[in-house]
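Chain naming follows the written order as A, B, C, D, E and F, and within any one chain the residues start at number 1.
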Amino acid sequence: MNHWLIAPIALPLLGGILQTFMGYAPISLRRTLAIATTALILASSLVLLSLANDGSYRIYAFGNWQPPFGIVLVLDRLAALMLVLTSTLAMFAHIFSIGGSDEGNRQFHTLFLFQLMGLNIAFLTGDLFNLFVAFEVLLIASYGLLMHGGGTIRTVPGLHYVVLNLAGSAIFLIAVGMIYSVTGTLNMADLAVKIPQVTGEGLDLVKAGAMMLLVVFGLKAAILPLCFWLPQAYAKATAPVAALFAVMTKVGIYAIIRVYILIFGENAGELAHLGMDWLFPLALITLAMGVIGALGADNLKTLISWQVVISVGTLLAPIALGSEPGLSAALFYLLSTTWTVAGLFLVAELIAVQRGSARDRIITAPKMQHRTFLSVLFMLGAVAAAGLPPLSGFFGKVLILKSVEPGPQMAWLWSVLLIGSFLSVVAYSRAGSIVFWRTVDGHLEKPEPMKGVVSVSAGALIALTIVIVFLAGPINAYTEATAAQLFDTAAYTEILQTPMAAEND
Amino acid sequence: MSLPLVVLLPFLGAIAAPLFAQGGRTAIAIASSIPPLIALAALFPHWATLADGGVVLHSYEWLPAIGISLSFRLDGLALMFALLILIIGVLIILYARYYLKPSENVGKFYSLLLCFMGSMLGIVLSGNLLLMLIFWELTSLTSFLLISFWTHKQDARRGARMALAVTGGGGLALLAGILIIGNIVGSFELDDVLAAGELIKAHTMYPVALTLVLLGAFTKSAQFPFHFWLPHAMQAPTPVSAYLHSATMVKAGVFLLARLYPALAGTEQWFYMVSFTGMATLLIGAYTAMFKHDLKGLLAHSTVSHLGLITLLFGMGTKLAAVAALFHVINHATFKASLFMAAGIIDHETGTRDMRRINGLWRYMPHTATLAMVAASSMAGVPLLNGFLSKEMFFAESLELNLPGFWAWIPPIVATLAGIFAVAYSARFVHDVFFNGKPVNLPIYPPHEPPRYMKIPVEILVFACVMVGVFPAISVGPLLFSAAQATLGGDVPDYQLAVMHGINLPLMMSVAAFVGGLLMYSQRQRFFRFHARFKEIDEKAVFEAIVSRFADLANRFTALIENNSLQRYVMLLVASVVAVAAAPLINLGIFIGDNGLTPVDWPTAISAAILVIAALATAVIHRERFTALVLLSVVGLIVALAFARFSAPDLAMTQLSVEVVTMVLLMLALYYMPSWTPLETSKARRTRDIILALVAGAGMTLVTLAILTQPFSSISEFFLENSKPGGGGTNVVNVILVDFRGFDTLGEISVLAIAALSIYAMLKNTALTPPPGDGQGHTWSREPHPLMLKQIARPMLPMALMVSAYIFLRGHNMPGGGFIAGLITSVALVVQYIASGMNWTQDRVRIKYHNVIGLGLLFATVAGAGSLAFGYPFLTTTFGYITWPVVGKFEVASALVFDLGVYLAVIGATMLILVSIGRLSPHSAIKSPRRNS
Amino acid sequence: MSAFAEYTISALLLLGGAFTLVGAIGLARLPDFFTRLHGPTKATTVGVGAIMLSSVIYFSSHGHSIGISEILITVFLLMTAPVSANMLAKAAMHMGVKSMDNTQGNPWDQ
Amino acid sequence: MMTTALYLTIAMVMVAALLNVYRLIKGPEAPDRVLALDTLYINAIAMIILLGITLGSRMYLEAALLIAVMGFVSTVAMAKYLKRGSVIE
Amino acid sequence: MLDRLSFPQPWLSLILFSTWQFLSDGISGASLVMGLVLAWLIPQLTQGFWPERPAFVKAWRMPVFLLIVLWDILIASFSVAKLILSPRQPHPAFICYPLQLDHPLAISILASTISLTPGTVSADISDDNKMLLIHALDATNDQEVIDAIHKRYEKPLLEMFQ
Amino acid sequence: MELIFALVIGALTTSGVYLLLRARTFPVVMGLTLLSYGVNLFLFASGRLSAGQQPIIGSTEIYADPLPQALVLTAIVIGFAMTAFVVVLSLRNLADNEDDHVDGCPPVKPADNKQEQEETGK
């Protein structure tokens, strides 16, 4: 059993524990250790990526208990991809935070690391209830992070976010109960085996449970009509937190991919492709709503928050269609959009800092410092987000467009996606030209100096969109392999036969 | 290799150029002109191949998944455009050197200009449609930045955004079109696409594909009805206008028409869409140009009109028309670029572009005037100039179109009419600017000739006009021929480029155009008056208004839906659940499984009744908060009893302890809150909520009923079998928690820990002032710590600790364990706080709760990690029975250490939470960071 | 199990049940808060005590060791019941809860 | 015979519980409700013990102990809230 | 360092030790050791929470006292039951009882005793610990009640404490 | 018996959902608590009901399904943590907005909206 698999979970756990003891240690020390931890997490995720790339499944059975009885971590290409996506993003967001946004709350780094732990558990776990626990870990940490930074602006959005997610957790438990009460198991592989054998009233119960599960994941992923908590919450969060949150909605999407391809996929007999007929139209409406929100946004962070919603719609539409190319395309786009949006959140903060009282609102303000640098970053991000060439967003969208089979669905997806891109171009150009170019005379009350780490991390995150373009070939190869692996559910269920470590004497 | 280089060079230049900005305008101009010159040099070697209809192709794989490859393809058509782009590009660079002021950001300017040049070359040299599209959109972006070069000008910003919106949007349509074509052909390689013309035209998706592609072309080439963006792009510096909006970018659209001619042209749809769009554009442009008082405005609209002409020619679908179109592309580029430069010079020297003020410049700048007049004549189609030749061909083709009956007359008439306008506005350009009396208060007076070198580009271009006009065959013959070859895919019709084709109908049309045009110009005041009746609409303002309106609507709409009402969001969530679960549950109905119902026993029934009453009562009288709280704890108590009744002692105990802590928590909060909830929601709303709640409840009831009566088997057999032998404990629940599913537990105590830490952080700087009384008119009592309570609290703590130890140690085999023990200890501590107060207790609790939490997590983790040393996975437990002399035989289980971690974490978290809230109380004077709170 | 044990157990059970009921009746029907306070503090406590005792006897007669838990619980109840009563009385007096008209003397409130 | 006694006792305890709930809902004053809750807790102890006897299992005694403790704590907390407002200060 | 090894509250340690023997099924070596450990450890942790020592003088009288009280409790319950079930309205009274005890523990023991015994609940103790407010469920004469309490409970306590 | 249990869960859900839909933080918190009671009982029920079959090896012959019990135990503790957090958050809400409405201030003010729009140079 390969112990690398717990690294992405054990590292943040230990790092987090260490931080709790260091409540009154000098901030420099806490920062160093925290960043070091995140760096190690990134390193370990890369190791796991290289492991997973051979296309096999690796499992880690906690307590050396044979699945389905014990909890197992399962490493496959998808999990590795999500880990790298997250830890890369986290790395830059974390570096950004030591620019000063981690001050005011000694628990920031603890929460940040526990957030990562929750995320990594969610990506690795092969157990449905453990997925619930993972969600709770990352949620409670996110609550804390969302409230980080003090002030009164975050309270109400935070409250909404928390209450909705608590209700969501309740629904999750009900769903788990329904599924367990019929199948008598919690292990995903085992479920994939058992679900096709369900008959009679059991079908209704499982179906209801699974649909409720979809609602929960939809809430996390922010699908219409469950997306309205997001813009305020993300827009009000401190920059590095918002950046990290860019990955939060993707957890919901990950869960949908995992559960609804593995357990309720095409081999699920009566329950095959459950709920996907709901998902496709909702995804498109979500996309449209996101575009409208972006068009109407009156500050950059809200605009970017709606961009999150847009990307959720864009991602789920092809996933709902359930084709292998579609999934591969979605994964490619996932990588691009998550980093881009996160980078944009950071850039928006840099801009806000430079514009005094105007902050990031899309209004006329005195000419800002570092305008060229910031405008270039913003433009790169905007182009990537809107999906214009030559940046990564474009390739993602082209892949998605190409993945659809001709037919009414193609017509819908194409028109919504393309018109959406067009309108986002309008929105971004409008926002950018007002923020950067429409300046009034007069100067800011003491323009703050731009810290090195901060601008570097923001720039680096944005620059990833270019990196993706250059690595497009290999990345796409990987996502294709991932999609293929995901659709080969039989291979996944074989983890149930993995031998455990030899019994001791 | 050389073709990618040609495209790459300008981009490299773009990166390099700003470095020379320090060296002054000359330095940077020279630096910037080097890449295009090398590129030119790199192109010439290929001429031999192209001359005999060959094609140069350099292709490299990039993203086979998308079908996009780095393939660059040079043929006659590409060469023709590439030469235009490069040669005019160099001239513009030279020209801009003098046009720009030293104060301006020349680095940015040249960098962007070269970027644009590179993108443009990319379009014409791409051998892969998707690659071409990338460059296509790049030109949109770069031109956006070039038009808005003077960012302080609002008109510039708006014009730029409009251009971006229109051309960028068109690009997206083009993308769709290209994807469809690629889908039909199965490849995006230009060669494959051009070869598959018949296949494409036969395909059912052809109409869609064509429409989308044409959308791209028309938006880029400012065809009606998308022509409005072009005149507003004139806010750009004149070199930009000259380059982008006469010679190159706007030609990208027509280039696309030529490029895909073999693949798409030759159908009814093509004919009608392209030719009629062209015709409309031709007329509207020509007509509007006439009335523009802005020098550049006039040129812009004439450009629109000429682009219409070219489009119309391509639309006609005859081979000769295509040739004429290509020919006119060259001619228009030359004379229009020179005219723009001239206009720029005039603007530069007089400080205005308003023709009503600019008069009689002939006297001040004869040299420039001459050049401008020659170019203008070419625009008007005066013989011996290149404009004349292509226009003659156009007139000829307009006659060749054999439309049915009356329709046959339309094209020639339109052509002549456009000719008349063209002559008229050209005449105006000449007369109104260089003659027509004296200048009217010019900002710069007296104007004089520009610097010598500023005129060189104009001279070169005008020379070209003349050369082509007089010796067409020699000057552009071969180039045009190979371009035609490339466009028409092989067989080129025989045509001769002669200055005169004798007296024929086209010539007559030209004559008519001349006479008419001059007549019209002489009567211009009438036309102006006539035109003035219709009020000028500023498309820029309209566009801006539309965008703002949309943004405003979007904002309103968003605010309407996303109205920050938690009640709505929760309602949506619940409703969604109901919606998705409805179908299966209705299908399920009231279902009693094979196990059937077991007989009711009355004590349980009564307890259940109490629970139901309490639960519903809580909801009903919830506005009376304390009472609701009391009822809530009744519910909690009965739930605990239920767990006990249905064989879950551990759950019963956990539920009990958690419930009490929760109650204390709620009372701590209630202290600061109003003790009554106002009645504010409408009756309708409450009814809706009640219905929703009832539906949800009913659903849960049905599901539970079905589940409880269904027989089932689960993986739990395994736990029951292996708990003792494998886990070393007889309390299976506890063994599951610390062993089988210890990882869940680890996550769960982390949750508890994080919650506590963030609560502490959240309340750190929170100040709350409690209300003076309980809201029923009683102010709070002053007596803090009643004697009897204090006295009972003393012995309670040690006893509780012992009980905790008892519950903890037996937990592995009997009901109990870390959680419950931890909660008991916490509750005992809480009693101390209640009885003796915060300060008193804090003084005696010597450890920081943060560290207790940390220790708890650490113990649990370390206990789990121990197994790694023996090569077993994380959280693998071990246990054994040790026998000591006095002590005797007893069990040691590593799981116990894990459970100890749980115990500590629970205490630390619970206490930190309660203390953090208690600290808010004005009575507790603890603020020093030395202590926990 | 010996007949004697069974009799004792039954008697204790019934006694306990009766007292519990009486306490509840008192709570339900006595006129004011202060009089209601008496029922639970005495009768109910005793009632539960009796039931505990029966349980002790029951299980020890079934061969289990003497159940200390029951004893502990009973002791705990006897120790805490007065304190709860005291706390509640204080609260009631502070809130000026009405005592029945024929009550002699007055409650305090500090 | 013992079973009969057991059932009678259970019956009496359940009736007692119902009476407590009646008082709890009727009030009229908050202290009455808390008093009723306290009594209900004590009844719950009785129920658990009786359950234990019925099932012949001692597994639930600790639960009874906990009810005793928790009942006391919550009563005290509520009483203090009613009188003093701040439970922990 | 030695005080770490001592038993700061011997009585408490004794009680803890013996209770533990009962709790752990059957007295074994393990239970003895564990009991010893707890009897030492717990007071070490909690002594701070029990500042004022119970100043017993004649502790052996305690059991006797407790037995009396227990008996009274039984009687009390019956009389209360009678009152509760009888149709006639009770004659309650608030009675101020002047305290002679001054040790807080002693006072609260007395108060508890009163609450558990015939028809009386100790409702409150004055701030200066000099007065005890008693609510009698059915009192004909205050003085009788006061004397009874003093004779039966406060006296023995006075002897036991200080 | 099953029906009674089902009805209990139904009642808890109903009350919980209704309170969850209220406009003030305190009822919402109580709603969440009630709901979680219902959910815990439901999750527990997924292992079916039984009396006197506590999963303590050796204490009886047949045992109740221990897994749901373990899950519920986890759920209870997590639920407690979450409740505590939301309680404190509502205190923060109270402190920041001098009001315990879930949206900060009782009526949604369209006025704010408008004035923001004026600011955003549209």
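A few remarks follow.
Keep this in mind: contacts are C-beta pairs under 8 Å (C-beta built on N, C-alpha and C of every residue); 3 or more make two chains touch, one makes a residue touch a chain.
On a predicted model such as this, the values are computed, not experimentally measured, just so you know.
Listing every chain that touches chain A and chain E alike gives B. Compared on C-beta pairs in contact, A-F and C-E come out with C-E as the pair having more. Closest chain to the protein centre (all Cα atoms averaged), using per-chain Cα means: A.
Taking the CA centroid of chain F as reference, the farthest chain centroid is that of E. Look at where the CA atoms of chain A average out and do the same for chain D: the two points lie 49 Å apart.
Put simply, the C-alpha centre of chain C and that of chain D have 10 angstrom between them. Taking the mean of the C-alpha atoms as each chain's centre, chain B and chain E sit 75 Å apart.
For the pair chain B and chain F, the distance between mean C-alpha positions equals 37 Å. In chain E, the residues that reach two or more other chains under the touch definition are 19, 23, 108, 111-112, 127.
Counting partner chains per residue, chain F shows two or more touched chains at residues 20, 25, 28, 40, 42, 45-47, 51-52, 54, 56, 59, 67, 71, 74, 78, 81-82, 85, 89-90, 92, 102-103, 117, 120. Touching two or more other chains at once are residues 10-11, 17, 30, 34, 56, 59, 62, 65, 69, 76, 80, 82-83 of chain D. Remark: the chains found to touch one another pair up as A-B, A-F, B-C, B-D, B-E, B-F, C-D, C-E, D-F.
Residues 18-19, 22, 25-26, 29-32, 34-35, 37-39, 41-43, 45-47, 65-66, 68-69, 71-72, 78-79, 81-83, 85-86, 89-90, 93, 99-100, 102-108, 110 of chain C are the ones touching chain E in the complex. Chain B contributes residues 783, 786-788, 790-795, 797-799, 801-802, 805-806, 809, 832, 841, 843-844, 846, 884, 886-890 to its touches with chain E in the complex.
By the touch criterion given at the top, residues 1-31, 33-34, 37-38, 40-42, 44-59, 63-67, 69-74, 76-85, 87-92, 94-95, 100, 102-103, 106, 108, 110, 113, 117, 120, 122 of chain F touch chain B in their complex. Contact residues of chain E toward chain B in the complex are 12, 16, 19-20, 23-24, 28-30, 32-34, 38, 42-43, 45-46, 48-50, 104-105, 107-108, 111-112, 125, 127, 129.
Interface residues of chain E facing chain C in the complex, by the touch rule stated above, are 19, 22-23, 25-26, 73-74, 76-77, 80-81, 83-85, 89-96, 108, 111-116, 119, 121-124, 126-127, 133, 135, 137, 139, 142.
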